[in-house]
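Shown below is the structure under consideration.
By letter and in written order, the chains are A, B and C; residue numbering begins at 1 in each of them.
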Amino acid sequence: MALAAGTRGPVRALLLAGAGLGRRAAGGGGGDGARRFSSQRVLVEPDPAAGVAVMRFKNPPVNSLSLQFLTEFVISLEKLENDKGFRGVVLTSDCPSVFSAGLDLTEMCGRNPAHYAEYWKAVQELWLRLYLSNLVLVAAINGACPAGGCLMALTCDYRVMADNPKYTIGLNETQLGIVAPFWFKDTLVNTVGHRVAEQALQLGLLFPPAEALRVGLVDRVVPEDQVQSTALSVMAQWMAIPEHARQLTKSLMRKATADHLLRQRDADVQNFVSFVSRDSIQKSLHAYLKRLRQKKG
Amino acid sequence: MALAAGTRGPVRALLLAGAGLGRRAAGGGGGDGARRFSSQRVLVEPDPAAGVAVMRFKNPPVNSLSLQFLTEFVISLEKLENDKGFRGVVLTSDCPSVFSAGLDLTEMCGRNPAHYAEYWKAVQELWLRLYLSNLVLVAAINGACPAGGCLMALTCDYRVMADNPKYTIGLNETQLGIVAPFWFKDTLVNTVGHRVAEQALQLGLLFPPAEALRVGLVDRVVPEDQVQSTALSVMAQWMAIPEHARQLTKSLMRKATADHLLRQRDADVQNFVSFVSRDSIQKSLHAYLKRLRQKKG
Amino acid sequence: MALAAGTRGPVRALLLAGAGLGRRAAGGGGGDGARRFSSQRVLVEPDPAAGVAVMRFKNPPVNSLSLQFLTEFVISLEKLENDKGFRGVVLTSDCPSVFSAGLDLTEMCGRNPAHYAEYWKAVQELWLRLYLSNLVLVAAINGACPAGGCLMALTCDYRVMADNPKYTIGLNETQLGIVAPFWFKDTLVNTVGHRVAEQALQLGLLFPPAEALRVGLVDRVVPEDQVQSTALSVMAQWMAIPEHARQLTKSLMRKATADHLLRQRDADVQNFVSFVSRDSIQKSLHAYLKRLRQKKG
C-alpha cells in the first residue's frame, strides 16, 4: 500500500544515454497508425480502440536480432510507450515457424571491438526496455524460440505458445559452446526458479510446449491458430487492472533484477567484447556460420 | 549445525521502540486463561495442557485491521509469546465467512499525517511480530482472505483453508488501485516463488481454495467444519520438534526478509504517509468507502 | 553470451588455504586406475574411456562423515578434478541401505576446540569442493540420505534415488535438536525453493523417494538395481555439453551461494566451535551416542 517514488526517470535516462539509440529513422508500414510505429523489420498493427498493438518481427528468415532489427524494434517500442493511447503490446513473429532465433552471430564475427560494443549495448537496451516496460507485454510464441528469442519472451508479462512439438523454447547457449550472461540467467531464474534454471542453462535445454508449460517457462499452450487471439484475450484481462498500480507493482517485482545490470553495464560490455574478440571464439563462430550457409546452399 | 548467536534481542528492542505499543490495556475474555490473553476484538482460547492457544478475530463485520484491532492483537500475541506455557497459536476468525478483509481504509482517510504514521507503524509491527514469532503459527482460514488478511495468513508457518469456493485468498491491492509494499511482496515471493507472485500481484489475483493450494498459497484445503481441528493436528506435528532448534531455523529462513523492512522502517512510513495524503488517493478512498456504505445501507 | 573472467583461481586458493588438506596420503584401491584415486574409505572406479569415475563411500556401517573420511574423499575428488581425463563423477555408497548418515557426532563430542575447528573446516571444504566442482556430479542415492548425506547429494548436478520407501532424504537437523548452518539452508533453497525449504528445515522432514521427487529434492526415482546405470546414462547427457561453457554456467548459478560462506568462513567455524563446546550440547550428544551404542550392542 506504500508507493515507491517513481524511479522510471533516471532509469530511462540511463537507457537512452547508454545505447545512443533514437537517432535512426524508422521505415514504412501498413495503415496510417501502422506507418507511425512500424519499420521495415518490425510491423506494428495498432488497435487504438483497444489500446493494444501487435508487433510482428519481420527479419527473415529467422528473425535474428541484428543490430538493425534491435534498433528498429526499440524505436517502435518506445513510440508505443510514449503514446498514451497504448497500454499493451503483443510480441509475435511474421516469419513462419520461428519466433526469433536470437542474437545475430554475424554481428559478433569479423568485426571490430567498437562494433561488438555497439551491438552488445543494443542487446542490453532491448532487455532493459522490455523488462522494465510500463506496457503490458504478452508473447504470442508462434515458432521456435531459442536463446535471445527466449529472452525476449521471458521479459513479457505472459507467454502463450503454439502447441506444435516442433517448436521449442529455452536458453540453449551452452549447446553452442557459449554462456548466457548473468541477466539472461536472472530473467530465467525469476521465471522458473533456481533449480530448473540451473539444469536448463547447464544443459542448454530446449523445451517443447508441453514441457515448457510444466516447468513454467510459458503460461499457456494453445492450438497454433489460436496463439494470437489467446494473447489478445489475456491482454484484455491485464488491461482491466488500474494502470498506475499495475506498473508500480511490475517495477516492484523487476527493479532489483534490472538494477543488477544497470550497475555494471559497462563492465558487461567490456566482458562481451573481450570474449568475442578471442581468436578461438572467432574461429568457432566462423566455422559455425560456414556450416549454416552450406546447409542453406 | 552451527548456531547463529541469538539475534532476537535487538530485533525485539527495535520492534518495541518502533511501534510504541504495549502501553494500552487489554479487555475482557472468556474463562480465566482467556481473560488473561483476550481483548474485546481478539478472543483467545488457551489450551494450557497442549501449550496451544486459538486466537479468534472478532472485529465485525469483516475483521478489518483497525488501529484498535492491531493494538489489541499485538498485545495478546505478545502475552502468549512471553508465557512459557504456550508454544503454538492458531489464527482464525470469529466472524462468519471472513478471515480478515485487511487494512481498515477508514484509518487512511480524512485523518492527519500523524495518524497515518501511527497506523502504518502498527501494520509494520503486526507483520514483524508475526513473521518473526517464536511461536508456531497456523492459519485456520475460515473465510475470505484478501490483502492484509492474506498477509497475516502468509506470516504463519502453515495454512489450512476451508474448501468453500466463495472464499478466496490473495494480495489484491492493484484491483483497488493501490500497491502492496515491498514487504508484502517479499512475503508472497517467499511463499509461492517469484513468477507466481509477479502475476498474482500485478493482476491482484484472488485464488479460490483449490487454486490457492495448487500455487502453494495455502498448504491444505479441508471441509469447512474441519478447518480448526486440522489446524490443531498440524500444530501437534510442529510442536513435536525440539523448540530451540525450530525457532533458530525459522529465524534462519526469515531474518533476511524481516531485516529488509527493519533497515528502512522509517522511510517506509514516510512513503505511506505521503502516498495516502495525496488528494487523488484521498478522493478515491472517499469514493470507495461511500460505495461500500451505500452497498450495506 | 558474455563470459565472466575465470574466478576459479582465487576461490581454489582460498579453499586450499582454508582447509590445509592435501598433505595426507591416500590408501589402496582396486585396479591400476583405481589405486591412483581410491583410498581406504573411498573406492574409485574409473572408466577412462568414458571420462567418468564412480566414487563409492566405504566408511561402514553408515558412511558417517568422519574427519578421516572427509580428508580421503576430498583428496580423491581433487585428483579426479586435476586429471584432464575425467569430466564426470557418480557419487554412491558401498554400504548397504545407507548413502551417508551425515556428520560424525563422535568428531563433535569430548574433543578440544582445535579439533572441532579442524572438523568444521573439513565439512566446509567438502561442501565448497563439491558445490563448485568443475566436474559433472551425479548422485546415485542407494540408501538413507539424511542431514550431511543429503547435503552431499544436493551439491550434485543431478540426483537419482532408489525407489525404496525405507530410504528417506532430507535435512533433519532440528529432529536432533540442532540447526542446519546457513549454507546447508542456501543449498536446499536453491534446490526446492524457499517455502518447501522453510517447512522441511523447521520440521526436519525426511522425504521418502516419491515425495522427494514431488518437491524436487531428487530428479528421478528408479528401481534400486537401476540407480547406478541410470546415473551413468544421465551423466552421458551432461558430458555431451561443451565443457567450458557448462562449467562457466554452473559457476554462474552457484558462485553467489558459495561466496556467502567464503566471505564468513572463519566466523562460521567460530560459531560451530562455540556452539558444540557448550555443556548442554556436549551432554545431549553424549546421551545420543550412548543410546546409539546400546541400540547396536
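Here is the rule we go by: a residue touches a chain if its C-beta (ideal position, glycine included) is under 8 Å from a C-beta of that chain, and two chains touch if they have at least 3 such contacts.
Given the structure is predicted, the values throughout are model-derived calculations rather than measurements.
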Check the residue numbers that subunit A and subunit B use where they touch, and answer same if over half are used by both copies, otherwise different.
-> different
Rotation in the CA alignment of subunit B with subunit C, degrees, nearest 5 | 120
Could you grab the centroid distance between subunit A and subunit B? Build each centroid from C-alpha atoms only and quote it in angstrom.
-> 39
Check: subunit B positions touching at least 2 other chains come out as 193
Any idea which subunit A residues touch subunit B in the complex?
-> 1-5, 157-158, 189-193, 216, 219, 237-238, 241-242, 244-246, 248-250, 252-254
Subunit A contacts subunit C in the complex at 103, 108, 120, 173-182, 184-185, 193-195, 197-199, 201-204, 268, 271-272, 275
